[in-house]
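Letters A, B, C, D, E and F mark the chains in the order given here, with residues in each chain numbered from 1 onward.
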Amino acid sequence: MKVVVSIGGSVLVPELGADRVAEHAAVVEDLVEDGCRVGAVVGGGGVAREYINAARDLGANEIELDQLGIDVTRLNARLLITALNEDSVTAPAKDYDEAGEALRRGDVCVMGGVAPAQTTDAVGAALAEYVDADLLVYATSVPGVYSDDPNENDDATKFTELSAAELVDVIADLEMNAGASSPVDLLAAKIIQRSGMRTIVLDGTDPERIARAVRFGDHEGTDILP
Amino acid sequence: MKVVVSIGGSVLVPELGADRVAEHAAVVEDLVEDGCRVGAVVGGGGVAREYINAARDLGANEIELDQLGIDVTRLNARLLITALNEDSVTAPAKDYDEAGEALRRGDVCVMGGVAPAQTTDAVGAALAEYVDADLLVYATSVPGVYSDDPNENDDATKFTELSAAELVDVIADLEMNAGASSPVDLLAAKIIQRSGMRTIVLDGTDPERIARAVRFGDHEGTDILP
Amino acid sequence: MKVVVSIGGSVLVPELGADRVAEHAAVVEDLVEDGCRVGAVVGGGGVAREYINAARDLGANEIELDQLGIDVTRLNARLLITALNEDSVTAPAKDYDEAGEALRRGDVCVMGGVAPAQTTDAVGAALAEYVDADLLVYATSVPGVYSDDPNENDDATKFTELSAAELVDVIADLEMNAGASSPVDLLAAKIIQRSGMRTIVLDGTDPERIARAVRFGDHEGTDILP
Amino acid sequence: MKVVVSIGGSVLVPELGADRVAEHAAVVEDLVEDGCRVGAVVGGGGVAREYINAARDLGANEIELDQLGIDVTRLNARLLITALNEDSVTAPAKDYDEAGEALRRGDVCVMGGVAPAQTTDAVGAALAEYVDADLLVYATSVPGVYSDDPNENDDATKFTELSAAELVDVIADLEMNAGASSPVDLLAAKIIQRSGMRTIVLDGTDPERIARAVRFGDHEGTDILP
Amino acid sequence: MKVVVSIGGSVLVPELGADRVAEHAAVVEDLVEDGCRVGAVVGGGGVAREYINAARDLGANEIELDQLGIDVTRLNARLLITALNEDSVTAPAKDYDEAGEALRRGDVCVMGGVAPAQTTDAVGAALAEYVDADLLVYATSVPGVYSDDPNENDDATKFTELSAAELVDVIADLEMNAGASSPVDLLAAKIIQRSGMRTIVLDGTDPERIARAVRFGDHEGTDILP
Amino acid sequence: MKVVVSIGGSVLVPELGADRVAEHAAVVEDLVEDGCRVGAVVGGGGVAREYINAARDLGANEIELDQLGIDVTRLNARLLITALNEDSVTAPAKDYDEAGEALRRGDVCVMGGVAPAQTTDAVGAALAEYVDADLLVYATSVPGVYSDDPNENDDATKFTELSAAELVDVIADLEMNAGASSPVDLLAAKIIQRSGMRTIVLDGTDPERIARAVRFGDHEGTDILP
């Protein structure tokens, strides 16, 4: 089984420290132990936000901000790599070719962002599509896909299951409402739709949930069905 | 004045040949002569479509198709460069840093695609944002932004002027209708919106139209106002 | 057994499409199945010619034309890769080190051109020499090495067998007659001579002929004996 | 006049934010305005320390920690670049060749770390030596070179002036006392000694001090005389 | 005027030392002073031969030997660069794009070999063709093109003037006689022929001869006329 | 067992030739045969010194000299690779990531210098630390660590055993005495100290000594104990 796990930056490093990273690394290694081939894509989180805020104050444009963000995601990727055992992988992959090559050779591959104007959500979906993954898991800081931003609207309800087309609609609606955050961005949703990959969006603050979802399909997040 | 021109592949090389490329190169050089700093982003056109169709038949996934497409856009970029005079530029820029560096030094910069899951439409907008361009021109094979696909629907009407927010809405609607093609994709539209760049979408089959639009603001396409 | 197959562009993609590419990929995979280590070098074909003609009309010099040609050969290499099964290889090798490394690890390696002023014929011979191949096969659009250009001269006769030194003489003579095309260029012939590799030049329009030649030494082309 | 300024990470970003970075950028631009050619080398600071601490807890070895640190210094370099005006520079230099090339063309160059087992102190000295700088300034969080660590020992006295040979001795002594921090490391001191560059170590928490030191030689730090 | 000078390794470093290199650098700078744009391509010479001999004894094949040779030519290129004044160039160009870019910006460009199976003779011709040089000078250890190898045959006569087509014939004949060395190889001769560049082959052991030939067309070598 | 062998340039190529290189390659392969994973770091030796002397005469600064030296170490690395059997490795690693990746995959890795202002002594220690080597062997031209330079001082005595802290002290003392050469430089000694690696310094002019030291711990050099 081939799995791509997209780990949000605020899930991997809610604050910079070893514990959560170690837990995520342990899950990756457990899955490898089970016989999975695993690709991990990690986000930028709080450090990215701090660099981006500082740079925005300094007059940087959005593409420059994206490049700072990408650099931080690669730092986080390298941090995750230090937590994996030494047989796993040496350095973050810089593009899909490198990542796919690593997976093809049976290595775990870890990557961050790839290019400006593209989130690591989209990179996760693109990597999953590129390697023909059987499953794509988004480990985010919200427990699934909601009808609205649950932090803003108490009536927001979590979807247990969505078709990929419905996911695109829900995300498109959320993105139209400025300020509403969504667990997966629109580009990612469209890649999921076109590729027909099984996808799960779940709360990644307890990494064990990823392992359970991959192994048993057992989770409390949202299932995106092809 | 800093201008980014995004030239569709089917506009630059409707079929592989020198004439149209020479005309586009002449326009770029005229603008440089006028004192503009010019960045050109070129698409893949028919050759890209042929490679993509062949590869799709061979079972390639969308990311692999995108990579083939990117390679063709870079070929087209190199072809355009051969048509520019020797003081202009030597080789296509591979990313925004290289492209921005070329423009900063006063060179024309020419680039194709950057990363999978991102069209050259979006690259054009991102480059324009990155270099803080004064104007972004899309030279496409349709004469502007329409309410619907003009090739499919006779009632489609061309917009003379749109706000960036309206552009995003129009494109989002078009993309929801599978099969309807739009002159600029949604990601590009969103970058245009967030950056507040003046943007023109026009018929690029006569390259002189680009020159007139840049010099005098005179064109029959669609004006996107910040 | 280590085999390098040099597939002419007009043999791989007589016109851009999937069928011939799929057949060549199948032959490569069959040879791998047989236990061969296979390196494939692909040419540019018709698309290369079209880009080169357009660029020549635009005033490009021969080195610029070569660079366009190299880009097309790499596109074709990527196309062939999409047709190989996923365990084969991820991206074209850019130089001999990368290609040799892939072969060393047991992967199929696929490459196009390497540098201007050097055809993919020569790259094929150089790769074969670099990896100490047991056999080099040129799959061309003519059925072997002829005493003259068979398309120009009805009296041209096909050689069944040539020593490498004779090959160099024949090719040198052909190249002296401007306009006469030869199935393998002079640089390639000299590399074949110095390395003492067994080499076969055959009609590659039916890819099965390559498989038969490798497996059984059975073919209707020209044998170059060390 | 050619100046290399080595800006400690905790001096540039005592905490992640725009203000201090903007002040340092302003000083760089003022010096350029004065006709100086300026190279800036920036350190990692608090963010580097946090990544390194996390990675150490995860079992990373010192070389892996250095690589994380280098990545953070490059992030900081990119942050400083966003604060410089657009005519200055586009992206951090990755090695001395790139940095020297930028300075040679009249650009400001900004870089972070280069290789593991080498601090940005040493990079600053090496860059200064490579470009034959007239002056090297260390903008650190202590106000000069002390006879001992001033944070540990109240009797530590600041040197107003030192020969390069004396600097090497002082630093060598400090490094022998585990735990004692020095404003410049031993490798940097040795490069300063062998190259015979004029060097100033000063308190960089007020960036204006750098400008005054460069312009008038006026500062309250330590002068290292060739 | 645009000039490419191809300096044989045994001409630049008959033995490793500063003097001859300094003289060649002085000629390059004098030509720049005169207003020329200068590209220099340097060979491997005695050091290359020693590495190649050692590697051949160790069983290396010709492509591996070429790669060692290329590495040495780049070392020699770097050595020549250290002798040029600091406004000239920073590092050897690795390919024609980089070299052309340097010349386009008004820098001196210096390069060594580019790819296996291609001598620096051919690189010199290819660079000259790529940058549309007005003149290509081969500074070799023999004083021109001879009817036969002058070290082997006392009756060998030097040509004062040859057409490019005659050059190709002469070189082809020489190369057919195993062991006979020629001042320029066949690939280089063919590039000279197709590009129609004026070319001079002269004795480069006194670098001043290069300057005189470029400035006044005055030399005792062989003129290759388009 | 994981071993890093740092082979001095004057030990590997006392003069350029095949014999000593072949012996060192045989030792590396014997160790691999025994089940060791082996990383080799090679120095520059006499060729490096000759280039450096020439460049120094030409006015190059120390960083430029270091870059020439690094290029020569990579040449030597490539030479050693040609002597290893074809299953070993294809090209020198350029940085620790590449080298570590090669070792991780079970390949022999060979590298030269990494960055200016850092000897291959230090690279050897850093690589050993990076890959968590069980043993680091310095094969030098002196038979161990001495109390003083044995070529200068007849009273210099060889240490049979030193703690890493003592090694740092000895080397620091030696380096203070200008002109005294030490078998391992101070940076290397400090890396050895901080990493706590077992290290042996021995006479590498007979490569068999390396094999014996690795296999049986049997040697006449100096043991550095963590």
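Please note the rule applied: contacts are C-beta pairs under 8 Å (C-beta built on N, C-alpha and C of every residue); 3 or more make two chains touch, one makes a residue touch a chain.
Given the structure is predicted, the values throughout are model-derived calculations rather than measurements.
Touch-path distance (fewest steps) from subunit A to subunit C is 1.
Annotation of subunit D and subunit F: jointly contacted by A, E, touch as defined at the top. Among the other chains, the CA centroid farthest from that of subunit D is the one of C. Interface of subunit A with subunit D: the two copies contact each other largely through the same residue positions, with over half of all numbers used appearing on both sides. With chains reduced to the mean position of their C-alpha atoms, the one farthest from subunit E is A. Remark: subunit B and subunit F have CA centroids separated by 54 Å (rounded to whole angstrom).
With centres set at the average Cα position, the gap from subunit A to subunit F is 43 Å. A straight line joining the Cα centres of subunit A and subunit B is 30 Å long.
Each of the following residues of subunit D touches two or more other chains: 64, 67, 97, 105, 132. Taken as a graph of touching chains, this assembly has some other topology, since it is neither a line, a ring, a star nor fully connected.
Contact between chains, using the touch rule, shows up for A-B, A-C, A-D, A-F, B-C, B-D, B-E, C-E, C-F, D-E, D-F, E-F.
Those residues of subunit D lying in contact with subunit E across their complex are 97, 100-101, 104-105, 132. Looking at the complex, you find that subunit B touches subunit C at residues 13, 16-18, 21-22, 25, 47, 50-51, 53-55, 57-60, 64, 67-68, 71-72, 74-75, 78-79, 82-83.
The residues of subunit A lying in touch with subunit F in their complex are 86-87, 90-91, 105.
Residues of subunit D that touch subunit F in their complex: 61-64, 67, 95-97, 114-118, 122, 125-127, 129-130, 132, 172, 176, 186-187, 191, 194-195.
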